[in-house]
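The block underneath contains the structure these notes are about, expressed in structure tokens.
So that you can tell them apart, the chains are marked A, B, C and D in the order they are listed, and the count of residues begins at 1 in each.
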């Protein structure tokens, strides 16, 4: 018999029960639901709305229920709709009358909002920890691969030579902002809805600051209608996840490219590769393909939440029950993406010879040559034009810029002098970079040091 | 040991296995996978690529495996990655050597594309059947509630009186187009990828028309690269589902409004209502709120698929493994939405008295009055203006249009005559409609008859 | 002739020019582009990469160009591709040779990233200002409508009575978090990409901290590859806008409902209503319908940006040119939504009599009655059940709870006493609320005071 | 003065006017609006609702207005809200009284639905024509590049050798299904809403079949409420565009990869390339990057439309005004994507030598070798294993499969014989393919011939 029985004479149909149940997924909230109930019962007792004895029965009963759930001994019942009613009804089965007082000055509306905020808070903490793991893996990879120069790309065309470390640290930066977004979200959601009840608060003498504080919230939410009706915190959370997923999808693309025969920069270990059921020679970087692909569902999840909330009137509407699955899916997915990306980083090796051999292609030193001319006083636009013609000359002769003779160069501009050869060639070019944040060795070394310290790694 | 063992010396890590497995959900393809394997084995035998004995062993083995799965006796193993390898490996366990020939001239790339198209085809058939159920429920509801006039709304403002039947049939029309979209999708996806192998076809003497025909496809896909790399059929399917979900979300909104105290048009039975854990008087139309809300995830699912496929190079990429869960989720969701909407339609009653009492509000006959003036030869824009002033007069006097005296009306235009009162009042107004497709009684009766016949219901 | 002329011998086709141009929309960046160029030129001069004379020519030229653009005298040319090249080329036309030095140690990659961050920073400031305007309008509306009780809804069913002020302040709370999100985004994006050049930095002796500081950024971005390739700041911005748009869409829904004949809570002034071309009596709350509807495009915009960035390799790719239009559209839309919502708030009146007359319906005092029983020591679940039966009794008798006699009540529970009538009726019910954040008069008054002070309004 | 003047005493505020106007974009419907008005006026005259003289004045007036618009002489006024009222008001200015009769038995609700369907129908025809152009360009490219073998990829790892023609035709197939989707959408939307009026039809003696037929619709829509409230046709249209955009984004990715230094398969002409403002050597395939990138906004557009319609009650709501901009944007974008993709196809050359030189890498003949063993009677799984070991042997020796001696091969399986060398090497491998739809020369030739005929190209 349903909890709202009083004025109802008939049960819902099977189809409706199946369609409206949430227990199949919201049971994942059980720890937070029990934690919330503990805080609520203690407050009720303190405020005289429940006896100490009843409170103790409830707390003991909740302990037992939590134990059973953890051990897989608890039977979840779909006819009890959701995690809240399953636990409350089981508590009644277990301890009888006192359990009926637990829902005093509480509605499922404020209860679920509380549970869900607690859950999201924990999830954010887990993700942030895993971001750090990923950053550590990337910094380790950078430390292990000092000195490697790779082509830097724009438009997937070779652009300028960069240090591999510089590329790896770009992702460390991006994920760091992702962590920042999550922590901002955490701070903004960390307010307590408990006591907002159905939507209007209550006339019973509850003390919301007590429960808020017991649950480690910053303070109670100020407006009870707002407290039960808004899910902006969940959307913000999934937005932050989506941006992170996009960052990781770009890493996925990068490493899939780098693993290809054509790029050939990295070889993944067998531990992070898979093969083909038909083509015996294949060794595929599947984990990073899936990192790229799974970003799609993280985006789908936030779209679901946004669309869900659009145009709903105040306050709680049953539509909001649909808020949890996208959040659970997004969290599970990004945790996996982070874990596997870190694992991939720990299981690849760089093909230094092959990278080095391929470096001369693409005239990566052209911009350095233009800078050379600027050093000599030529306006940049003019330098750009001269170097453009130098490259055209190379294309005609099928050679590198450093292979042009001084006479050839001088035929394009009399400014060229012997010292030009100190600017040509990939190694020379990369050594010339010096601006803050650039790929120059010292700049990158100092960036690396920054991260080693920030991440608490022992300096190497 | 993995199926691609030859050149691999190490297993993937646990995290990678967890992240890349698909068996937790793609086992839902088992029936279609087995069906495909049956057709493939029979073709291989016919083409001399397998003996009749081997084929018979395989077919018997597949029967046994299907039986076990159906009875829940089959153990799905994550280390066997996916449904295809689970079944093939179980077949090898069961019948030994012959099983090793089943994957001849087949790759998981064409195999999964085949399974997935078969699955989608069946899913479409189920959805189309349920659309019909829903349409029948709506037509039944219309038949049972003949003669009721309700306000028609634009901008959620009362606009013109309409027959309730007319409103209900609008949804029947919309869902009918949804079925059309699904059937177009079905026809377009019903081509067979089997035999495309990894991406390039094969040199073994297979006969693709034979498997295509055995699986009731229209014909084999013409281009093997296209066959394994595209998922446009799945996106089209989910797009059609999304449009249908939007239609149902609008029905959800409509019925949530109609169930409110303020509208008060319908009372849902207890069988499709739920109550509140805190407010004893509440009776909520939750199923229709969830119909509205669940449209969001159907949209999220198609966004996932679109984003997933964006920018992938040819041919198969592991990202595509992520194609199934959104499709499964979308299908499950729309099946539920349709079922519950039909059930709701069968469990509501219209509050005729209350509807009737509320009809005079909103000047629903104003446009009919303007048409009256047009009948009398007044240009429409001028009529519109005269009626606008009549309404202003009513607002001032707090009365209905039919309460204005002829003198009052004539003060706005001398054209008004006694016969004007045949056009005023909601019943008069609704009776005046006569254009094809309008809310006039005869028009609606003929629409209703059209649907009764089209849906194969006995005319009433 | 294009700026990259050196190695090119042919112009792009017309179709390609049309397809790849961005000047039709990125000219909106002109102020920020010029501001960036001023800072860059000053830095180059300070660092000896340009003479003081050249710098002064450039600064004067930029002033003149800005003047011309502002006055509509500037001719934007599609063959000059984008805002950067239009301005640089015009500068060359205007001042000749010195202009060719402006692009020293700068690429369009870092230039556009700088412009775009500056633009977003300004846009956020505008939106935050308009949020405050909206909040002020809502608080004013609340102040003007003290004492009005309206039904509070869950599931769009009447739930409990609430003060109108309480409802209005819920939206003030929500928008306040939106402002917080925008300001967090502002702080996170306020780092300077200038000097990252194409992707690797430069070997020329620039001083990035100087330009960063001149442009009021917190500091230069640390990693040049990250600086030119990431657009996470734009996605975060549009995510925040989307959440706000969802909040406003809910307000739109609320006010559309309240304007309906059925709810009848508010009457919008003509100044914010529109009529019908065919139905003379109509007066529609179009602005709020559009507020609700336009939330859709704000969501579409963020989906565009997320999808755009998915799976792109490092560093800059031309795809990123598509980042601006969704941002411009989102900003323009939310500015309009905020403005019109505030204007609507200033142009509605509440129909107090009608609201009051309708209040008895829906048993809004049922939960208060349950609390009464809790006060008397009945466990909540039991109270809930008793009140459920009381409501059923009312339904049978078609009366309100307060109309039940004490005997009737006592037939359900002997606990009921004369004092029960102090808890029944909407006014009594609303007066009983007392918890923090509840709809009790004192709680709401203190919330209102909080906002009056926070928004800097004179206390009333 | 607004058209709904009668009961209004005040104009909307400037902010509301700015926010609610649609004339800035819906003027693009002018041709279809005028066409609809012509049909409507003729019908009204035929039905005796307007004199022949009035009809002729109206038709002449509409001709003049269309002329003015086409010549840019027409002044669009924001205070006249939208395209419909601008044209009707201009007609009144021009011909006076008769113009006031044009809106008889018509509302903007059915008028805009009619215009929009006509517009979409034309847009579909344009897109389908451009799909054909694109297909022709691809087939031409295939014809010009007969005989080239390229690596086929799965997981972006080299898989099997394929004919370049086979790859190109895969895209021709995909776009053909896109055209099919658009034509299905066209057929489904080609029904006439005109005469549905505001939502309920009319009592005036109109003849909807006459206008429907004059406007080349299949027939009038059956239900007037459905006719004015649904936008499923627009969502279906944008869904089809999205799927096509995804196909083109994959082509974009493919060609960006192929243009890279690392792949080096194609060289785009200067006519479809752009350079860099800072790096003089760069030549970027920008048009295809933008084809990839612009797919994002096409997806954003359909998300906007889906979200827009979610949860709206019947019938017309002002939200629906927002339906046009996403459709216009999607259409403009896909037209550009198709045009530029075709142009790119006409402006690339394949680097045959380089492709050929790179072919040996990646063991593309491994699967053919496995098929060889199957031919010899080895079960496929066993063959796969033997070839896996052969590849491992090659990796150890850093050689190709064809470089293994017969003795070496026999050490893995005694089945290997001299004839194995007819299966090894890329040319041999590609020649072995023979299944329907495979990359075998004859199969591809027949596919090519199919397309040449279907597209009406002269057979070559």
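Here is the rule we go by: contacts are C-beta pairs under 8 Å (C-beta built on N, C-alpha and C of every residue); 3 or more make two chains touch, one makes a residue touch a chain.
Keep in mind it's a predicted model, so treat the numbers as computed, not measured.
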| item | value |
| --- | --- |
| Selected from A-D, C-D or B-D, interface repeating A-C by over half of its contact pairs | B-D |
| A-B or B-C, whichever has more C-beta pairs in contact | A-B |
| Separation of mean Cα positions, chain C and chain B [Å, integer] | 33 |
| Set of chain D residues in contact with two or more other chains | 3-8, 103, 109, 154-156, 159-160, 197-198, 257, 275-284, 286, 289, 292, 295-296, 299, 303, 306-307, 310-312, 317-318, 367, 384-385, 387-388, 391 |
| Chain B to chain A touching residues, read off their complex | 2-13, 15-16, 18-20, 84-85, 103, 106-109, 197-198, 269-284, 286-287, 289-290, 292-297, 299-301, 303-308, 317-322, 325-326, 336-337, 339-340, 343, 347 |
| Complex contacts: residues of chain C adjacent to chain A | 3-8, 49, 92, 97-105, 109, 152-156, 159-162, 166-167, 169-170, 173-174, 177-178, 180-181, 184, 188, 195-206, 208-209, 220-230, 232, 235-236, 239-240, 242-243, 246-247, 249-250, 252-254, 257, 292, 295-296, 299, 302-303, 306-307, 309-318, 367-368, 371, 374-375, 379-382, 384-389, 391-392, 395, 432-440, 443, 447, 450 |
| Residue ranges of chain D in contact with chain A within the complex | 151, 154-160, 256-257, 259-263, 275-286, 289, 303, 306-307, 310-312, 358, 361-363, 366-367, 369-370, 384-385, 387-388, 390-391 |
